[in-house]
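Before we start, here is the structure in question, set down as structure tokens.
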Amino acid sequence: ADDLTLQLKWVTQAQFAGYYVALEEGFYEDEDLNVTIKPGGPDIAPVQVLLGGAADVMVDWLPSALAARENGAPIVNIAQPFKSSGLMLTCLKEHGIESPEDFPGHTLGTWFFGNELPLYSWMSKLGYATDGSEGGVTIQKINFNVDPLLQKQVECATTMTYNEYWQVIDAGLTEDDLVVFKYEDQGISTLEDGLYTTEENLADPEMVDKLTRFVRASMKGWKYAEENPDAAAEIVLDYDDTGAQTEAHQKRMMSEVAKLTAGSNGALDPADFDRTVDVLLSSGADPVITSKPEGAWTHEITDAALN
Amino acid sequence: MSYRDLKYGRTADMLLRMDGIFLPIACVVSAGWIDPSLGMIVAVWLGAWWVNAWIASYDMSITRLAAPVLFGATLLVLWEMAVRLYNIPSVILPAPSAIAARMAASPDILWADLVQTVFKGALSGYLIGCGAAVLTAIAIDRSPFLQRGLLPVGNFVAALPIVGVAPIMVMWFNFGWESKAAVVVIMIFFPMLVNTVEGLKATEAMQRDLMKTYSAGYWQTLFKLRLPAAMPFIFNGLKITTTLALIGAIVAEFFGSPVLGMGFRISTSIGLLELELVWAEIVVAAVVGSMFYGGVALLERMVTFWHPSQRG
Amino acid sequence: MGALRDVTGEPMTQMGETVVAASGVDLTFETNDGPVHALKGVDLEIGKGEFVSFIGPSGCGKTTFLRCIAALETPTGGTLTVNGMSPDEARRARAYGYVFQAAGLYPWRTIGGNIRLPLEIMGYDKAAQAERVARVLELVDLAGFEKKYPWQLSGGMQQRASIARALAFDADILLMDEPFGALDEIVRDHLNEQLLALWARTGKTIGFVTHSIPEAVYLSTKIVVMSPRPGRITDVIESPLPKERPLDIRDSKEFIEVAHRVREGLRAGHEA
Amino acid sequence: MGALRDVTGEPMTQMGETVVAASGVDLTFETNDGPVHALKGVDLEIGKGEFVSFIGPSGCGKTTFLRCIAALETPTGGTLTVNGMSPDEARRARAYGYVFQAAGLYPWRTIGGNIRLPLEIMGYDKAAQAERVARVLELVDLAGFEKKYPWQLSGGMQQRASIARALAFDADILLMDEPFGALDEIVRDHLNEQLLALWARTGKTIGFVTHSIPEAVYLSTKIVVMSPRPGRITDVIESPLPKERPLDIRDSKEFIEVAHRVREGLRAGHEA
Amino acid sequence: MRNLGPILTVVAAIVVIWYAGAVGLNAAWSKDQAARAGVELSFGEMVSQTLSQDRPKLPAPHQVAVELWQSTWVEETQGRRGLVRSGSLSNRSLVYHGWLTLSATLLGFAIGTGAGVLLAVGIVYNRAMDMSVMPWAIASQTIPILAIAPMIIVVLNSIGISGLLPKAIISAYLSFFPVVVGMVKGLRSPDAMQLDLLRTYSASGGQAFWKLRLPASMPYFFASLKVAIAASLVGAIVGELPVQQGGLGARLLAGSYYGQTAQIWAALFAAAALAAVLVGIVGVIQRRTLTRMGMAR
């Protein structure tokens, strides 16, 4: 079997169920692949791992992937299992924020490490300064949990539909206590959780073949996971080395993730790509990327895989 | 020449001088045989070391400065060579020249981060932590009961890993520099306390007996005998904790900070693959940290000039 | 004492008042290989203003006994009082000046600073400190070395500095453990004379350990000969010499007789 | 040397061979408040098998000169050779046994362990080590204290242990810095005799610092009188005493004459 | 064991302060929740609520204790993956994670101590090293390890080293420094006379090392070992953060991602307890050795 290593963007959780399912259910084996899945974590930049040669393919968000490309990392999107964005901004109703017009004067929390790019784009589209000056908002870096929102250190916080939002609910708040702004609804959504590899790999026919088989099996995994969310969540739990995940949370996460992968057969929709690029380019004075990227995606793999 | 000879056994120097021809050439040749680039790197390294050994054999204040500088410069050259010869991608390890360029390009970011992290976070935490530790050491010094109780528990608390404590401090003290100072205080308090308590015990029996014959009071013994005698230990603590304070402040920023600070920059720029900026911050941290340490070491020399280890 | 200090000339020995009273003093050290009997049944009375020398083979317990008097060691048996109080109370009343067998100067203080130490502790004012430091430095012939650090002095100079330190303040009881061991004969004679003069002037009670028989005889009103294993007193000699003692008294018949008796006592102790 | 060691009786003094040759030796210490001239223009020859005593006021540079011979200090001027080599070469040839002014025992070694230290370093085998340790402990009257740690010994006992340490191995040159300072007269006499016997037996060259005029005269073939500030040699006295020296030689006319001359020299040094 | 009384007293004091702190810090959330529900809280209700929150700012001591118990004994004996049912340690138990961390710690400690001692010897015996290495050893410690830990791991991974070793290397990086500093000080602690004595014997550098410098450095050595082993543990934990593959570090962070405060604190205590035990063991060895050397008085 051919060896292949996948670097995830984040820790083992249902967000990556498709890959774990493919591994557990033998879809990779069927394609004669021996896949290793490396969980990510804070401060692990998957691009570094990819370029360092410790992984062959990685899961990443398009904004940070494009930013990395601008910084000289020749990475290419080869598949896009996630059709829609799960990103949203969740505010406590009691702070009196009902629409984006109310943002000025408030503190918005977001993760950084490349995850802040969509929020900055949004704010610049709205024309708000982000340095806390008059008429603008204060952007606060928060860590990957929702405590700052619950403890009112920030008034709004970045959440994912499938994870942090439910942590807020689990903490004891109700939908009625919250106001949520989905990036999808605001027309500023960017592509999340695509598969990327290096240009170097794509120049190697053998590797292209491996990646094709990998994408095919992964998509099979994703479709299985969409249909059997509970079983998929169980599989993820089994692969969680930290033993920190809970069953209820992962099952719910899986059902939410299924909504995001639903519209995708694995091939990147160029329209989505262009929309993401537009959002990133339009971000005012300090845009995430400065020019339209060329060759940042390819259908070569998915075309071969999905036939 | 006094007992210096023993201090710097000649063996190593001789090795370099006598076999100065054969051994290095053998190294270079064998390394070059494995890989020509490696051969070049080894050659530069050995050459620089030889020069350094030669410089170090002269004991002048200028060589005291030149030796470490040369050593550092050698490391930088080797780094640059390695990056170029092996085509290491800059998103994994940028070359020193690229880092230097970045430092020249964004001094304002670096300065603002420095102020936030070092002057607000680390320094205030350092002063509070060391002050509190010394006062606590003096306070519990009179009570063997408290010492026996507090020190083990204190060791336990000191062993709480900073990565676990920092998020909690951020939760309690918010995102500003105060939480960083709190982390620094927790990190340095016990090392400092232990050193001071140890130091307060470090008097010789005869020195204590002398004070007894004067029927000196507790405070007199403290100020005239025990604190001076404790100074080598206290400075040991002060020196160790300089680096702890800096690391503590930076690492704490990983767990919550305003959108500036060295830790903030380091932790978030990796995600954007701005590795040059990351390394620029690391360089600043290393330089500032070394200066901090050097400053305290200088103070130590002035205060504990009498100690055998300072008299050389 | 205040009154006595002003009187000069004859030493103020008033044998009536007992300063140190030891009876049956025992002291045993516990060590890794068994107990060491450092003192065994020591009985001794020292009157006010006496000059008592202790002499005996090395390891016989002289230092240990001096330390007991100064409350630096606690006897494991017997009773010991100083000025009618326990040694510890006397210590707290600042009764002692002590010169240790090793100089024991604080390395972070200059010679002057070391001598100033007890003065600072006892609250002398700045002017008095300076005056006394200068005076005792002169006394031990170290003027000019005030600003040096201990490790810059020779062994004998360090010892003299430590003597100066003990003489700088007014303790009623002066305990000196081989203070002149590292000094040459000339300085030693000089310091012996100085010490006698000081004693005469101030009426201090002095306990003095020495290995030199002539020194012991020359200085003392009472000579205590000790012998080892276990340390005990084998002879107590009241000196028949007059209070006034020029250096050449050492050639007198009485002197030679006393010296002989001490030597005999010592020799007996060695044989024991 | 091997041959000499076996011969007993008369000491092997062959004045022809020069062991230590100093000419114009200067030594200046730099201190925080100015230079200290510890030695100034010191000229001295010591022949093989001589017993040379150094005497002089404290701080006159005796220790410093001994340290120069042993290559522990480097003169800042003049020339100094030992056995025709530089002191440092002689040191590396293990020419010296040195007894320091303070005992300087290693606190983590027992008394036995401290005496064994040089033997281990010079590669004596286990049996020889044990035999020599026992012998020198006996010599300094410390048998039974082998297993004790230094701080459990009295001052004089520590000093004797450090003497034993220097005698345990066979150095041709023995340098002793006030070795008997903390010992009483009886032990001192005893050790003086022992030292003379050892010297006679082994033909070692001995440099000996003392403050005791009788000791210097009793032991030495040559007495060097020094005076301070700056430290220099004021008198060198060749002893007229015979090699064979019973203790009562100290009452002889020659002895008293030499002692007188030394005392005069010393006194002159003090006045200077 | 005469320390037991004092320790218990101090611990009791801390627990009391802790409870008070928990009530104080957690009160805001309870009040908010009550306000959202439109009810008024009595003081007693509030206290009981603050001590039983799911996501407290500061969990009460008993909550941490329960979590510790649950994630060790209960998990192993009753859990689906526990030792009793599965025959191997559960990845949900602190025993398993503690063991992972411990093994990396010990390996890192061994490497770090070895390197530290060697470097110290080099610095003391080689002039060039003394002058050039020490400043850089200091500088190395001012590099925030957490920042480069991920990079180290990535780089090591890319040359095929993974698993225990990268963690151990980070742990060694943190532990070598105290050893260097302590040993340099210790190896230089003999005073002039002790050195002079060996000079008169013309002892070789090696003999001076084994017979004087090394024994004299032992108190300093052990003092730094205590610091070093604690630093090793921190290093291992830091090394576990970026690779979420088990260990107390991974556990700590995972707890924070899912807001499981009690889990964080339990992992924290497990780490501190581990450190305390390790330091304690070093302490025992120290006492034994120094007593045997006659240096403990």
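For clarity, chains are labelled A, B, C, D and E in written order, and residue numbers in each chain start from 1.
Note that in this section a contact is a pair of C-beta atoms (placed from the backbone, for glycine too) under 8 Å apart; a residue touches a chain by one contact, two chains touch by 3 or more.
Every value quoted in this text rests on a predicted model; they were computed, and no experiment measured them.
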Touching both chain B and chain D (chains): C, E
Counting contact pairs per chain pair, which pair wins? B-E
Name the chain with the Cα centroid closest to the overall protein Cα centroid. B
Identity of the chain that, by mean CA position, is farthest from chain B: C
For chain C versus chain D, what separation do you get between their C-alpha means, in angstrom? 29
Would you mind pulling out the distance in Å between where the CA atoms of chain A average out and where those of chain B do? 39
Hey, how far is the Cα centre of chain C from the one of chain E, in Å? 54
Mind checking the centre-to-centre distance between chain B and chain C? Centres are C-alpha means, answer in whole Å. 50
Of all residues in chain B, which are in touch with two or more distinct other chains? 3, 92, 167, 171, 254, 267, 270, 311
Pull out every residue in chain A that's touching 2 or more other chains. 42-43, 45, 48, 52, 143, 147, 151
For chain D, give me the residues that contact two or more of the other chains. 72, 102, 149
Of all residues in chain E, which touch chain B in the complex? 2-3, 5-11, 14, 25, 57-58, 122, 124-136, 138-148, 150-151, 154-155, 158, 177-178, 181, 185, 188-192, 195-196, 198-199, 203, 205, 208, 223, 227, 230, 233-234, 237-238, 241, 248-249, 252-253, 256, 264, 267-268, 271-276, 279
What residues of chain A sit close enough to touch chain E in their complex? 11-12, 38-45, 48-49, 52-54, 143-147, 150-152, 167, 170-174, 177, 240-246, 249
Residue ranges of chain E in contact with chain A within the complex: 28-29, 33, 36, 54-55, 57, 90-93, 96-97, 146-147, 149-151, 153-155, 157-158, 162, 241-246, 250-251, 253-260, 263
What does chain D use to touch chain C in their complex? 29, 31-33, 36, 55-59, 63, 101-102, 147-149, 152-157, 159-160, 178, 181-188, 211-213, 263, 266-267, 270
Contacts from chain B onto chain A in the complex sit at residues 89-92, 167, 170-171, 174-175, 254-259, 264, 267-268, 270-275
